[in-house]
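Shared between the two complexes below is chain A, which has chain B as its partner in the first and chain C in the second.
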Partner chain A sequence: MQADRAAPRQRLEQERRALPFLLPALGVLCLVSLYPLIQGVSRVFYAYRALSQQNVFVGLENFRLLFQDPTFARAFLNSLVWVATSVGGMFFLSYILATMLNSRFLRFRRIFRTLTLIPWALPGVVVSLTWRYIFLVNGPLNTVLAALGVANPPSWITDPQLALWTCIAANTWMGIPFVTIMLLAGLQSIDRQIVEAAAMDGASYLQAQWHVIMPSIKQVVLIVLTLQTIWTFNSFDIVFVLTKGGPGSASITLPLYAYQNAFMYYQAGYGAAIGVIILLVLVFAVVLYIREVLQ
Partner chain B sequence: MRSAFVVLGLMAICLTSSAADLQFLTPAWQGDTVKEIRAIVGEWNGAHPDIQVEILSQAWENIDDFMLTSFQGGQAPDLFHQDSVMCYEYGLMGFVEPLNDYLEDEILSDIPDKFWSGVSNGDTIYGVPFLQETLVIYYNKTMFTDAGIQLPEDGMITWEQLREYAIQLTVRDTADTVTTWGLLSPLEQRFWWVLIEQNEGQVLRQYENGTWHVEIDDAAREAIGFYTDLIVADKVMSEEVLSYDFMSLIQGFKTGKYAMFSYGCWVRSWIARLARGALDWGMLQVKGPEEDVTEADPQSIGIYSGSPHKDEAAQFLEFFTNTENQARLAYADWLFPTRQTALDRPEFQSEEDQWNVAYQWLPYARDVKPHMFGFFAWEWQSFIPQIELVILGKQDLESALESATVQGNQFLRRMGLQ
Partner chain C sequence: MRLHPAKQVLLHVAVVVSIAMLAFPIVLLVFNSLKTEMDIFTSPMGAPTHVTWENFRHVLAETSFLVNLKNSAIVAFSTVLLSVLVTAPAGYALSRFRFRGRTLFSIWLLATQSFPGIIMVLGLFTVLRTYGLLNRLFGLVIMHTSFSMPFSIWLLKGYFDKIPTALEEAAQIDGCTRLQSLMRIVLPLSVPGLLAVATFSLLLSWNEFFFALVIMRDNAHYTLPVFLSRFLGSGGVVQWGPLSAAALLVSIPVFVLFLLGQRYLVSGLTGGAIK
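So, the complex of A and B:
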C-alpha cells in the first residue's frame, strides 16, 4: 500500500530530473517548428502594396479575399479530390499487393518486397519528371496507345479534365510502397490459425478479409491512412512538376497555390493565409492520428 | 581571458583586412557560355587578388524563387544575372542597389535608352543590361521550296503570310492526323505580346495616378485572336504549345514534324549543332500591321543592396560588362550585346550560322511586355490561364478575355496596384 502511494511521487521525481535533459531538444523543436509557425501566422495580417512598396497591416483582409477567390475555391476542391482518391487508390492497390506478398505460395517474396520499395526510395522530383515524360503527348504511354490502335490518345497533362487525375495516378504510384510495407507488417502479425478457422467455419475469401483480417489490422490501417492523408494534402512536387496547377487552374492544389502566391506573386500574406487554412484542415487529421497512436 | 581578447582582436583584424569575396549568381547554362563566364571571372580573379569572385549557378526555372528567398533571408549573392524586368522589380522592393553613382557616362551612352528604361524606375537604375536577342521564326527551307513558297528577300513576312504558309505546310494523313504542323509557337514564349505591340494594342493601362488596370482594347484582342486562331480555327498549330519540351521541339523541327517554330535567336546554336548538314533552315521575322517590333528579352546584372562589398561588386560589374567581355559573352551565348561598341564587331554580322540574319532585325528589338511591377505575377495568375482554356477549346476568346479582365483587376487590387 505504501509502495503504491510512493510510485507516483517517484515518477514525478524522475520526470523532474529528466526535464533539464529534454530542454535542449525542446529548444531546438521550438526554434525550427514553433518560431516559423508564429512567423507564418503573423504574416497573414499583412499585404504587400506595390504602389507604395510597403507591407501594410490589413487585419483579416487576406481571409476575406481568399473566400472570394475562385482559384482558392478550385484549389480547395481539387485538394479534397486529390487526397481522397490518391489515398483511397493507394490503400486499395497496396492492400492487394500486400496480400499477394504475404501469400505462402509466392516464390521470391523477398525480391518482390524489395522491388516494391523502389518508388518510395526515389526523390519526388525524379518520379514527377519521369511521369511527365511518360505522359507527354508524344510520350511512351501515348506511343503504346497509338500502337494499340487508339486513334487520338489523350493529352494527359494538358487536358483540363485529365490533368488532376494524371497527377493523382503518379502520386498513387509513389505512395504505394509505404502503404504496402505497413499493411504487410500488419498482415504478418495475424495468426494464420484465425484465418484458417474462419475458412473452416465457412467464411468465403472476401468475408474472411472483411470480418477477420481487416479488424485485426485496423490500427495499422488507421495510422497509415491518417499519415498518408497528411502527407498527400501537403504534397507539392508532383503537381508542380507535372502541370504547375494547369491548364488554367484545373489541377491546382492548396500547397501549390500558397507557394505561387508567396514566391511568384509577391503575396506572402495571402500565401500564409492559405497555409493557415491547410494547417486547420490538417489539425483534424493530426488529432485523429494522435488518438490512434495513444490507443 | 586576456588571450581570448587577443584572439578576437586578431580575428577582427583579419576580417576587416581580408580580401572581399564576392558571389556572382548566373543562370547561364549553355556549355560555351558557362566556359566564357568562368574564363572572364578567372581573368578578374587573377588580376584582383583582393577581390575574388565566386560563381554560383541556378537554373532559369528556379532563379526567381531563389533570389526572392535569398533576399528575404538576407543571404543573397552580391551580384546576380537576371531578366532586366526582374532587376527592376527587385529594385522597387529595395533589394537592389541603385547603380547611378557607379556607372560612367561611357557605358550609359553606349547602351541604348530602350534597355536602360527596362531596368529603371524613373531615373534610378537597378541593373546593367548586357544581353539582348531577337524573337524569330525558324523555318525549314526544303519544305518551303517543295511547297513553292517564295519568301521576301528581307525575310520579313506579314501576319497573313505567316498564317498562309502555316496552312500550306500543315500535312495530314488519310486518317486526318497531322504529320507536319505548319507552326509551333510555345505558350512559354508568349508570342502574342509581340503581336499586340505590332498592332499597337493595349492590355494593361496605367492611369495618371499611377494605378494599373486591365483594359484589353480591340487591337490587342485581334492580336491575341490571331495567335489562338492558329490553333483552334486554322488548326495549323498544335495544342502541344502548352506542353512542349525543348529537345522534342528541336528534334521535331529536324525530322519535319514542325515546318516553322518561334523562339529566340540563340536557338540557332542548337539547330546548328543537332541538324548541321541534315537540315536546310532559315529565319523569318513577322512584321506588324502597325509597327515592326520584336522581343529583345534583355538580361541584366544587378548588385544586392545588402551586400557588404558594393563598391567591389560595382568594380567587377564594370569589368564584366565592358565592351570586350560583353562581346565574348554574347557570342558564346548566341545572343547580342547591348553595347553599341560591342555590337559593331564583325562576328555579329558574319554569315556563318546566320548571325547577320538575326542581326538585321535588332533595330526592331525591345522589351515588348508592359513595364508594370508584378507583370509576370499578374500574367501567370490571371491572364495565361484564360488563354490556355481558349487554346484547349474550352472557352471562346471573348469570354476568356472578359474573365481575364475581371480576375486580372481583382489581382491588381490585391497587389495594391489599384
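So, the complex of A and C:
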C-alpha cells in the first residue's frame, strides 16, 4: 500500500495493463449482476394492477403488505428453521465424519474420502425426488419403521408438522460432502503433536476439540458456515421438488414464496420485496464471509 | 500412540455406515430404474426380482430426454469454456497487478454469491429481453458463467500467486508480452487449477435449476433438471420406475466427469480457493 502511494505513475501503468485482463469479467458482472440487481430491486416499488394491466408505482406498499401477510410470516419462520437446522445438522455430522476420516488409524482413507463426495455431484432435483421416494407413505423409510414395530408410521410429505423436516433431511444430506471436505482440509493442517500434547496435559477429548482443534480451524469453520447459510437461505430446488411448499403453506420458504408471487400470481413487485428481505437477512453472513476470505 | 483394536474396528464400522448412508439413496435409484412398477410397489427398497430395461427404453424413446440432453450439453460445455476464458485473465490481474478498485472488485465478486435468485431473475428479464436472449440457451450460459466466477477467479488467483514472477520476468526480458506470458508460462503451470474451474462450472451448470426453469419458456429449450421436475409432475400418480431411470440418465454423465475431476476440485477448494 505504501509503495503504491509512493509511485502513482507506476500504479497508473499497472492499471492500464490490468484493464484488458479484467474487462471480460467486468462485462459479465455488470451485465448479469450489477444491472439486474439494480433493476430487480427497483421492482419493489411497483405493483401489477390486473384491471388496467399495468405496473403502477406504489412506493413502499409492497413491504407494508408483506408485514400483514400470514404466509410471508410462515415463510420467514420456516426459512429460519430451514437454515438453522440444515446448516447446524450439516456441520455437526460433517465434523464427526471429517474427524473420523482424518484419523490415522483409518485404513483406505483415500477411497472413503472420495466416496464421501458422492451426493455432491447429483443435481438438486435428483436429490429431492429420491428423498420424496424415501418418504412415501409406503416407501423405504416407513417400511423400515414398520419392520421395527412402529404401529402407524407417519405420512411424512403430506403431514404439515413434518413436511419441512423432510426437506431439511434432504438438504442436510446433500450438503455433507462439501462441508466434510472443507473441515477435513482444516483438520489435516493441524499439527498432530499439539493435540497429543494437550492430551498429555490432561485435556479431555471434548476439551481438546473445543480449546485446541476449533481455534485452529476457526477460519475454515466460519467460511463454511457463512457460505452454507447463504446457499441454504437462497435454496429453491429442494423444497420446490419435494413438497412445493405444501401441504398448504406448511413447508414454504422465502425463495419459493417469492417465486410463486412473481411467476404464478404475477406480483413481481411483491416477489422482489421478498427478495430484498432475503438480502437484508443475509447481509450479516455476507460481511462475515467476505471478511474471512479477504484476510 | 496406539488405538485399542476394538476402537479401531468401531471406527471403521462407523465410517462404512456413514458412507452407506450417503450412497443409499443412489442405490435406491439404481434398483428402481431396473424394476417394474409392480416390483417397486411390493418391495420399495429391495433389489429387483427380475431386471427390466423397459424404464430406460421408455425415457429414451418416448420422452423429450434427448432434446433436453442436447440443451444441457450445449449450456454446460459453453459455460465451462466461457468460464475459463473469463476467469483466467481476471484471476491473473488480481494476482499480478495492483490497481484502484481491486478490493472493491473482490468484495463485489464475493458478494454476488448471496444475491437472491428472485431479484436477479426479475432484473434479468429486462436485460435478456433487450438483447433478445430470453428463451435462448446463451442467456443461461452467461448466467451460469457469472455464478461460477467468484469461486473460479478466486481459485485461479490462488494458483497464480504460487507461480514465481521471476519466470515471467525472464520471459518479458526476452520480449514476451503480458498476454503471452500468461498463455505460455502461467497457464501451462496452472492446468490443475483450470481443471478445477472446469469441473466446478460443469457441475454448477448441469445441475442448476431455478434460472433454467424461469428463463426458458418451452420444452424445446428446457435443460435436464427442468425436464426431470416436469417428469415428476405436480401431484397425481408418479411412475417411479421411468422417473428413476431418467434421474440416473441425467446424473450419470456429469457424475463420471466429476469423478475424474474431483481430485483437482478438492485440492483447489482446500488449497486456497476459499482459503
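By our rule, the second predicted complex is superposed on the first by the 274 of 295 C-alpha atoms of A that agree within 3 Å, B and C clash if a C-alpha of one lies under 4 Å from a C-alpha of the other, contacts with A are read in each partner's own complex, and residues count from 1 in each chain.
As a convention for this text, contacts are C-beta pairs under 8 Å (C-beta built on N, C-alpha and C of every residue); 3 or more make two chains touch, one makes a residue touch a chain.
Everything numeric in this text was worked out from a predicted model, so none of it was measured.
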First, second, both or neither for A:T158, with chain B first and chain C second: first
Chain B versus chain C as contact partner of A:F57, first or second or both or neither: neither
Chain B versus chain C as contact partner of A:Y266, first or second or both or neither: first
Partner chain in contact with A:A47 - chain B first, chain C second, else both or neither: first
First (chain B), second (chain C), both or neither touched by A:F67: neither
First (chain B), second (chain C), both or neither touched by A:P247: first
Contact breadth on chain A, by residue count: chain C or chain B: C
Which superposed partner A:L136 touches (first chain B, second chain C, both, neither): both
Set of chain A residues, in rising order, touched by both chain B and chain C: 136, 138, 263
Contact footprint of chain A on chain C as seen in their complex: 1, 3, 7-8, 11-12, 14-15, 18-19, 21-23, 25-26, 28-29, 32, 41, 44-45, 85-87, 89-90, 92-93, 96-100, 103, 105-124, 126-127, 142-143, 145-146, 149, 153-154, 178-179, 182, 203, 206-207, 209-210, 214, 224-225, 228-229, 232, 234, 240, 243-244, 247, 250-251, 254-255, 258-259, 262, 266, 269-271, 274-275
Residues of chain A that touch chain C when the two form their complex: 4, 11, 14-15, 17-22, 24-26, 28-29, 31-41, 43, 97, 100-101, 103, 105-107, 112, 114-127, 129-134, 136, 138-140, 143-144, 173, 176-177, 181-182, 184-185, 196, 219-220, 223, 227, 230-231, 234, 236-237, 240-241, 244, 255, 258-259, 262-263, 268, 271-272, 274-276, 278-279, 282, 285-286, 289-290, 292-294
Residues of chain B defined as touching chain A within the complex: 64-65, 68-69, 92-94, 175, 177, 210-211, 238-240, 242-243, 245, 248, 373-374, 376-377, 380-381, 385-386, 388-389, 391-392, 394, 407, 410-411, 414-417
Chain B contact footprint on chain A (complex, rising order): 47-53, 56, 65, 68-71, 136-138, 151-152, 155, 157-160, 246-249, 260, 263-267, 270
